Amino acid sequence: MPELKSILEALLLAVGEPLTLDRLLATFPEAERPEREAARTALAELAADYVGRGVELVEVASGFRLQVPQAFAPWVARLWEERTASYSRALLETLALIAYRQPVTRGEIEAVRGVSVSSGIMKTLQERGWIKVIGHREVPGRPALYATTRAFLDYFNLKSLSELPPLATPRDLDAIGAELERRAVVPDENSTTPTESADG
Amino acid sequence: MDAATETPPLAKVGGEPYTQLPRDLYIPPDALEVFLETFEGPLDLLLYLIRRQSLNILDIPVAEITRQYMEYLALMREMRLELAAEYLVMAAWLAEIKSRLLLPRPAAIEAEEEDPRAELVRRLQEYERFQQAARALDALPRLERDCFPASAEPAQRETRRAPPPVNLAELLAALREVLARAELFGRHHIRRETLSVRERMSQVLERLDALRFTPFSALFRPEEGRMGVVVTLLAVLELLREALLELVQAEPFAPIHVRRRG
Amino acid sequence: MPELKSILEALLLAVGEPLTLDRLLATFPEAERPEREAARTALAELAADYVGRGVELVEVASGFRLQVPQAFAPWVARLWEERTASYSRALLETLALIAYRQPVTRGEIEAVRGVSVSSGIMKTLQERGWIKVIGHREVPGRPALYATTRAFLDYFNLKSLSELPPLATPRDLDAIGAELERRAVVPDENSTTPTESADG
């Protein structure tokens, strides 16, 4: 049987999120289950082993977690930068619905998409400056009304929303999509390669 | 539930009722159905029959194997297992091979012709190879079962990511998909909408204040012409309908004022 | 600056999936970028450090990956209550045929297996990202040609297709007919023992 320390390490790495001591211990058959004190000691040893390494053990509200220490943020950040190649389909659908049906609430977007829209998506779109809250619908809960911004129009080389391809039946959109591809409307200046932000 | 009283024959083979399972079946009847279902097709069943008797594929006693194969087929039918057509095709093929082996042939023709079993043997052998390959594949250590990707969240997620580029075609493709899906759900009516009205709705809302009233006429810009005026009016009506703004007129023919609700 | 070894460890853990040497090195500003040889040495050291631990370094088709070794599967499995899916024989046989015979059409798979391949199986394999259509055979109907993906290799801990377990060598298929005939003609003689392959 592997060392207790290594088993705890394996569990935390396999999950990648915090685990309580109880959940860690629950993975042992009852007969072999270590004492809580022994597990705590093993975790302390593990934390000591990690000094100077690319991983550290922290205790957070929901338990113990292995994480990549702050000191490595520059390298990890450059890795992510290179990775974010494209937005998710959910994000693009949400953006498209806001563009065509504005002003629109999150609930209305969800009604069309048939699934909930994550807060992360709304946040990303707002951070990117493509959408903003322009009011609230006067219904219970006063949901925010979203609309696209001038930055959105600029990004897509549109003078006004009326230049968006008309919202027609899905079938027609196929043709429009093909047409757009033919015209090769690629508004973004750096759409080919995500350039590394040259700092320094 | 109705079977217990009569002990009906398990199978009929060549018209003969079988009340007992074939001698060489070591399977309790309740497990039989499961057992029969585990066959991946006629080749699998044939390989099973051959292996069970520790026979070499090259030594298949066609007559005997054909008889056993037919028994299983009858059992499957009796169990009302859905019998893939391939099983019947194989039965016909086995019968053909058997008959060709039985028929005497002039030596001259026999020399030219392949042994009738050759093709069957070839296919059995080929299938057997891939059965082994599938088992070997299954035995490889694989993610999620034997080993697990190790990951640790970065202490602080950097927001320095370069935002991914998007083009209009992608946006349209996304819209196309979501609308196609919405159509499938059928609950939502996607109407053709005049964009300019929607856009004007956003613009009007932005201009309006929730605290102060704005003169209704200030919403219109004469330089936009008749179309512009109509679009603005439609936008205001639509906003009104959606209870997003409030129209106030102190007395008949007095100036109309607008403000945002809430 | 942290040790090279620790930086590589941090990167691999932050991503949780395979990274090539190039992608690892691209996270260093050019002026500080280590030599490939140095990075390889650091990875080797890392692998050595992990002996006996709850983590191991493997090289698969898409690069280097940190993973929890097989020895810890029992504990990890108990952590995730849901059983990890075991795949049907039909699916594994289909996958094996695609892996060893690629590029291959569905019809060709069916010819070997002697039964039709369900659409569900092909869909599952594609959804898992293990197989993909890489073209069409130029015969009537233009059937799709399937091949395995890099993700398939990654999943099964393989660097390349050549690492697949060897496929049993068939007897020379053309010889089968001849063999059958010889047996038929000379049924019981010792001379039938196949010696054709015995040379070394």
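We just call them A, B and C in the order they show up, numbering each chain from 1.
By definition in this document, contacts are C-beta pairs under 8 Å (C-beta built on N, C-alpha and C of every residue); 3 or more make two chains touch, one makes a residue touch a chain.
In this text, all values refer to a predicted model and were calculated from it rather than measured experimentally.
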Chain nearest the overall C-alpha centroid of the shown protein atoms: B
Taking each chain's C-alpha mean as its centre, the one farthest from chain B: A
Distance between the centres, which are taken as Cα means, of chain B and chain A, whole angstrom: 27
Separation of mean Cα positions, chain C and chain B [Å, integer]: 24
Separation of chain A from chain C, taking each centre as the mean of its C-alpha atoms, in whole Å: 30
Multi-chain contact residues (two or more partners), chain A: 10, 12-14, 16, 55, 66, 68-69, 72, 76, 83
Junction residues of chain B - those touching two or more other chains: 148-154
Interface residues, chain A side, partner chain B - complex: 10, 12-14, 16-17, 55-56, 58, 65-70, 72-73, 76-77, 80-81, 83-87, 89, 92-93, 95-97, 99-103, 111-114, 128, 134-139, 142, 145, 147-148, 155-157, 160-162, 164-170, 173-174, 176-177, 180-181, 185-188, 190-191, 194-197
Touching residues on chain C, where the partner in the complex is chain A: 2-3, 5-16, 19, 23, 26-29, 52-55, 66, 68-69, 71-72, 75-76, 78-79
List of chain B residues in touch with chain A within their complex: 148-156, 158, 160-183, 185, 187-188, 190, 192-193, 195-196, 198-199, 201-202, 205-206, 242-244, 260-262
Residue numbers on chain B that touch chain C, as the complex places them: 38, 40-44, 58-59, 84, 86, 90, 114-115, 117-118, 121-123, 125-154
